[in-house]
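Submitted below is the structure of interest, expressed as structure tokens.
Naming follows writing order (A, B, C and D), and every chain is counted from residue 1.
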Amino acid sequence: MSTANNCAQSVQSVLDWMATEEYKEKNFAREALVINPARTCQPFGAMLCALGIEGCLPFLHGSQGCAAYFRSCLTRHVREPVPMVSDSMTEDAAVFGGQANLIEGLKNAYATYKPSIIGMFSSCMAEVIGDDMKSFIGNARNQGAIPEDFPIAYANTPSFVGSHITGFDNMLKGLLQSLADTRHGKWTNGRLYVVPGFDLYPANLREYRRLITAMGIYMTVLPDFTEALDSPNTGEYKMYQPGTSMAELADALNASGFIFLQKYSTAGTQKFVKNVQKITSEAVTMPVGIRNTDAFLMTLQAMTGKSIPAEIEKERGRAVDAAIDAHQYIHGKRFALYGDPDLLLGLVGFLLDMGGIPVHILCSNGNEPFRKEMEALLASSSFGSEGRVYNGKDLWHLRSLLLTEPVDMLIGDTHGKTVAKDANIPLARIGYYLPDRVHLHRQPIVGYQGAINLITMIANLFIDEYDRNCPEERFEFLR
Amino acid sequence: MSTANNCAQSVQSVLDWMATEEYKEKNFAREALVINPARTCQPFGAMLCALGIEGCLPFLHGSQGCAAYFRSCLTRHVREPVPMVSDSMTEDAAVFGGQANLIEGLKNAYATYKPSIIGMFSSCMAEVIGDDMKSFIGNARNQGAIPEDFPIAYANTPSFVGSHITGFDNMLKGLLQSLADTRHGKWTNGRLYVVPGFDLYPANLREYRRLITAMGIYMTVLPDFTEALDSPNTGEYKMYQPGTSMAELADALNASGFIFLQKYSTAGTQKFVKNVQKITSEAVTMPVGIRNTDAFLMTLQAMTGKSIPAEIEKERGRAVDAAIDAHQYIHGKRFALYGDPDLLLGLVGFLLDMGGIPVHILCSNGNEPFRKEMEALLASSSFGSEGRVYNGKDLWHLRSLLLTEPVDMLIGDTHGKTVAKDANIPLARIGYYLPDRVHLHRQPIVGYQGAINLITMIANLFIDEYDRNCPEERFEFLR
Amino acid sequence: MGEKPNASMVEEILSVYPEKAKKLRAKHIVVKEEGSTCAIKSNIKCIPGLMTARGCAYAGAKGVVWGPLRDMIHISHGPVGCGYYSWGGRRNLTSGKLGVETFSLMQFTSDFSEGDIVYGGDKKLAKVLKEAKELFPTVQGFSICSECPVGLIGDDIESVARNMTKELELPIVPVRCEGFRGISQSLGHHIANDAVRDHLLGKRERPEEVGPYDVSLIGDYNIGGDVWASKKILEEMGLRVRNVWTGDGTTEGMMAAHQVKLNLIHCYRSMNYICRHMEETYGIPWLEFNFFGPSKIKESIRKIAAQFDETIQQKGEEVIAKYDPLMQKVLDQYRPRLEGKRVMLYVGGLRPRHTIGAYEDLGMEVVGTGYEFAHKDDYDRTFPQMKEGTVIYDDATEHELDEFVNRIRPDLVGSGIKEKYVFEKMGVPFRQMHSWDYSGPYHGYDGFPIFARDMDMAINSPARGLTQAPWKKDKEVR
Amino acid sequence: MGEKPNASMVEEILSVYPEKAKKLRAKHIVVKEEGSTCAIKSNIKCIPGLMTARGCAYAGAKGVVWGPLRDMIHISHGPVGCGYYSWGGRRNLTSGKLGVETFSLMQFTSDFSEGDIVYGGDKKLAKVLKEAKELFPTVQGFSICSECPVGLIGDDIESVARNMTKELELPIVPVRCEGFRGISQSLGHHIANDAVRDHLLGKRERPEEVGPYDVSLIGDYNIGGDVWASKKILEEMGLRVRNVWTGDGTTEGMMAAHQVKLNLIHCYRSMNYICRHMEETYGIPWLEFNFFGPSKIKESIRKIAAQFDETIQQKGEEVIAKYDPLMQKVLDQYRPRLEGKRVMLYVGGLRPRHTIGAYEDLGMEVVGTGYEFAHKDDYDRTFPQMKEGTVIYDDATEHELDEFVNRIRPDLVGSGIKEKYVFEKMGVPFRQMHSWDYSGPYHGYDGFPIFARDMDMAINSPARGLTQAPWKKDKEVR
């Protein structure tokens, strides 16, 4: 046998071993090494949050390299420009602190990019050396680098704590703490503040707006990064897109109420709004699927006394119709899923509605409350009995799971394509980081329309797969 | 060598021969035999048309077998109930004519299904024996089978003339001729009558309504089969769905204008409305793709003097953005397409916008005006130079084309899946008869949103295909 | 929830009809009572204007009987539509390379234009046949399935077939299945059977002697692979299945089909004619059997084996013993989820009675059943199997079916594609029982686990629970 | 349409900046005039608050130089983000089975938590290495790519690497590429080069003698398969490519990389350090070349061949002769569509100058170019190639680039992903020139047809004509 063959053989034997239960145990015994995590660091989420305020320039206090990375990654997903600056801290800042960079950075950014507000957050470098953004910003004002009253929000977003959803949450709280007027107490502005959470589907935000508006509720999406992530092409580049206006942000604490459409990516902000500011607020499961959308609308109904209009009810009826028409393609199929906690709760609820069987539920950035909530959800349905939650695990753990306990479909982002290929199952691309397909973020996955979209995507993926692999005599026109 | 092997060999040699230029010539020399035509018969289109009138029961004067077939086929596509009756003509009717059946049929149908109107059309049986529906209906009234004033429209829809689009057209004209009040002459009702044509995407009709309403134009869709083809599931079955009301139908000839969103499936009705009734009317290319949608909206603008609102312009900008973001996945790719003439004109325009190269354009029910219009469209773009129009050809002709002059993608309906497989290219399922995937009719392919949907579908199909077939070292996260 | 079927329910339902229709329809609906005999009327013309589920003779002949014969080309002779609608719609799977060994997923038509109506289509037909033979040299024969106009304009397809048979040296079978003939698919079956009898059967002799265990499988159309599941059992029993009528069937098999010892018939309705003919002409006995669900399969294996010697009988028992535990596993899994569920059926052919055992194996009860195009002999075979209080309907109109289901509120309806979404909208679980709802096979031991899974999926889908908007429920509670 | 770059345009563009920033930035922008010399400033800190396209040392070391080495595991040592963002983002293709022969499409990180910041990450690092070796027994070595915190908290990764090299018997390379070091990717390249020099190079000897035609291909990272296209030419010339730095590279190749006759360097910026080192230490000469576009390829083949004997020279000519007609075909197809089109570039590494010839082959003109992180030697190499009136910008901010493009209105911009959609929105055709916009290769004879097609696609896409709503156009005309 030739060396090449020997080699090929030994490669195969390693691959075979990597598919074993033994390897899985070794893999799950890991304590230090992380391989292919389905999460990234805080400032990325903070950047997204800042992009949702109209005229806001995201400003990273830290190394420029971070900014380059964040911008590249978000751009690849939405295929849109992502403006953001950093104060380009380098070695001298590491030694002497980043104040000089921050002040000069504010001055230059303010003059050059003419933002209406700046949303500042920190890289791990700034966090490790212990820079005090609050006092630096004060000094910048004192030195005239920026006008005295120029609105700046800031948030500490250490990369070694939590994940991108934590950063989103911190920046959101930072926006409110830094820039919202004190609550008046007696008077509210009659508006519902709608917090989408860390959600990279601009179409989802449009869908929230459409549904809530249809109920006759005055609303503000906070932060509203719809246009920032999906702006028209008109032959003109505008750095700032429409979003939550500074006026609406300033008035946020006078809201009649807040509704949070994700729980885990807004936990800190929820506490601030609900417990500290004592504002009526509700956090719902991300409205993925029919039941979760029902709960969302009924929460709105309960909060506002507004009724759900007939047109939305009809839309619901069409989604139910789509669900029943297609249930046979999803019912009894086994799924592995990974993603952010809020998305997973939404998706698992959706699958259970459809008779899908969630088996591996992997959440690189899940915490204990998430685990409990997910386990309760699984326990609520006979289709949930096989579901196991893997908090803090990564996609290499997932690979072992898929190879030792196979499922029919993986739901996740583009990073899941290698494991899906190894496991020879289709990948339903849902969630953040979808740079290998176009325009998936342009279709909502929330609300009744989102439910139809998910059903369509998942059912047709299964049928595609069957058509591709079925024996010739089973290649048919009817499916 | 075993017999089985010999056999397999000879099968392969036949298949190989079937892929040759020689075979193609033989195939194209056919004069009598039709194999896998991409068209069906008139009454099918008439049924669709009748379903668009609120409270209308489609009534086939002819054999019940036809009714069973029409209902089954439409139901498979939309996964919705399709109510329709026939008067069950059998051998005695063949001998004595179908009047008795027609009268008894009207009586029973009227009593049992309580329609507000009946839309009657004929099977080939009734046409061959020369039944006179008009006088039969009169006799039914005279005999009291139905009330004197009960509205019935009728159309002759011989199966051996034209195709389903002709039937749609005939029934539509029949509805107007039978049931619309005489034009007042001076006074118009201020409404634009919007004729979708033979279009089995209920989502398209919703999209027309949304766009036209956004322009502030009072409108009536005629016929409006949106709800008939996509009704909510509420636990209750209603035989009749909302549609064009009898009042709107009756008032149709007092319209301020008509716009026809397909030309070839409404040709006769256009003549009646425009030339006979002298009503302001325009027929546009089916608004598939950005440019065709532009033309549609500008026609509306020109007809009504209303301007195109900013929100729609923004939507357009998003579609342009989607087109430019994804052009690299479609540009320079070669396509074969087949379908109804109006859809093909829309799609070819769309492909030319995207830099796609239409190569084989096959239209089983195309006529000479269609050929000329298509050829002019092809001549308008350098990307059209390879395009050839095959009128009156079928999917077996297409097979020869695909095997002798390969392309990168086939656009067509489910019936194209066998040829696409034989040619080893992906099939973009667009058009009528899509029983092997779910819910494709629930997404519009017209308007700016439809353009985004088509771009998404086609670009991602190509990427899917690449991901599936690329060498392992080219399996990547970025596409 | 739901009422029990009874006579006054029937009367109420029919009361909407005009007098004549009411009187006629009343004869087609029976609620079985103690000691009642089968007094149902069947195989009678549909009433004009009432929504029937029935098709036509062409559907019965081309769609059902001839279509599955894979190596023949079946020409839909007439206008384009009939062939289009029946193209790939019946899931009669076939093996072989498309265009060479099978033509099943293709549609061939003479595509009548106005000229053909005026001047006749015979010349065109001859040309169609020639062109088809040239383009498909491996074709084994043709059927010419007439559509309505052919019979009305007085074409002589028999003579064209005769001449072209000689010219092309292939069996060419004229099938006079114009849609206006008869009153349902049923006459189409009969016409198709007769055409087989007259033009194929006995026209070829296999060189080898007829083996002692040679059988034909009749009336299995291989919906979703049923034939393959049924053959598997017969072959494991030691029988040699020489031909299938007509699922995945071949011309050669049909021509030599008289060379068997026994005909086993599953779909009695569509194929009893040819069985009777072969019995009379060739002395081949025939036996009805039922391969739906383990109880009926077991019973049928024994019944079939009893026609043969001990070898087969023992093998039959071995087959039963082999599959019993597998079937028990299926029952253990699904019966607890389906026990007591009530089913209403309305199908064609054999299923309104043949599937009852399979449902009963799962603990389910059939509370209503009926046929689209049955004859008296079908009902004679059905009545004894039904419990008291079952409603039986013949050629039910959509009005009747809707009303029955709406009042009886069964847990499952099994019927056809035209009915499916009516009941889905009503919130009643539904499975297509013509096409197995794009699943299958349902026959045999391979089929039952799929059948059980599918019925469970339909009835116990959590998606069914979504129908009512929760804010509506609240209102009702208040 | 579009202005010609000139000094007052530059001044206007910079006028928005505060005084200090304006003064600093002015030194980085030059419009080439007759007889002007290269007076541009480069390799200087970015100005805080201005949107730079630059990345960091980690990006240069892990992302560019180490990442493509396929059979090593590159540990992103520190918090989770850096590894995440650089995961599969650079299209440095590799061959081999993922997880066994290549680890390129995977991300390995020590995923610092707060505790690691407080107590230091050295112990965790050792554990990470052990776990990785256990799970991936075929791994050939490790690089430890430090992220910012590692340097700030005073970890001693060198000592961990030393100890673990012994324990795991594999090369383990500490790479001190914390993001705050230096001012761009560039220092990362240098650090990475030094780490290769200190920890891999020369550590293994191939048993066989160095052949006369043995070369290394340096500074080709196999973006979209570039290495494979380049190697093909070199091998057709008769050369033996013993190692690639570092596209689809192997540890073994790197360790024995001193055993060649000549180093051929494509990306001078990122790899000149190691070339100089090998020249000094091993006496290996090095030669810059350019495989973009037929003119430069031809020139390069001859330049390379001149380093060898007549055999190679002749083969070089044969290669040229073989591909010339193919290239001519490409030119015939695309040049008429691209003639006279104006391009602006803003990229890293070698492309702002190396691709000029390819554009010129297509009849296009580069009217502006610049580097993200070049040094003086890069501009020295660039200036002579530029026509008068070209604007050259170093570390351009997004403001500057936007303004230049908006005023000059080139027919094409070639830059990076962060810039892409800014110009798409402006209605200016764009191609990513780091990642070849997910196409490629662009190197060599295999690459040029793709390059030409892509540039044509970008510029001549009819979709570009859709940007303006036609009713807007009408208004303007009025």
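Worth a mention:
Everything below uses one rule, namely that contacts are C-beta pairs under 8 Å (C-beta built on N, C-alpha and C of every residue); 3 or more make two chains touch, one makes a residue touch a chain.
Going by UniProt, the chains are A, B = Nitrogenase molybdenum-iron protein beta chain; C, D = Nitrogenase protein alpha chain.
Bear in mind the structure is a predicted one, so any value in this text is a computation, not a measurement.
Chains making contact with subunit A as well as with subunit D: B. By number of C-beta pairs in contact, B-C leads over the other of B-C and A-C. Summarising the inter-chain layout, the chain whose CA centre lies farthest from the centre of subunit A is C.
Measuring from the averaged C-alpha position of subunit A to that of subunit B gives a distance of 40 Å. Between the CA-based centres of subunit C and subunit D the separation comes to 67 Å, rounded to the whole angstrom. Averaging C-alpha coordinates per chain places the centre of subunit B 31 Å away from that of subunit C.
In terms of their C-alpha centroids, the spacing between subunit A and subunit C amounts to 52 Å.
For subunit C, the set of residues touching two or more other chains reads 87-89, 96-98, 105, 421, 424-425, 467.
Touching two or more other chains at once are residues 76, 79-80, 231, 233-234, 313, 316-317, 320-321, 324-325, 415, 418, 475-479 of subunit B. Listed by chain label, the pairs that touch are A-B, A-C, A-D, B-C, B-D. Note for the complex: subunit B touches subunit C at residues 11, 14-15, 18, 23, 26-27, 30-37, 39-41, 43-44, 59, 62-66, 68-73, 75-76, 79-91, 93-94, 101-102, 104-113, 123-125, 128-129, 158-161, 163, 231, 233-238, 396, 415, 418, 422.
Remark: subunit C residues 87-89, 91, 93-98, 105, 225, 248, 421, 424-425, 435, 437-439, 453-454, 457-458, 460-467, 469-472 touch subunit A in the complex.
Of all residues in subunit A, only 76, 79, 230-234, 313-318, 320-322, 324-326, 329, 414-415, 417-418, 421, 435-440, 442-443, 452, 455-456, 459-460, 463, 467, 475-479 touch subunit B in the complex they form.
Looking at the complex, you find that subunit A touches subunit C at residues 290-291, 294, 297-298, 301, 307-308, 313, 316-317, 320-321, 323-325, 327-328, 331-332, 352-355, 381, 383, 472-479.
Within the complex formed with subunit A, the residues of subunit D that make contact are 16-18, 20-21, 45-59, 78-82, 84-89, 96-101, 105-114, 116-117, 124-125, 127-128, 131-132, 134-135, 137-138, 147-149, 151-153, 179-183, 397-399, 402, 416-418, 420-427, 467-468.
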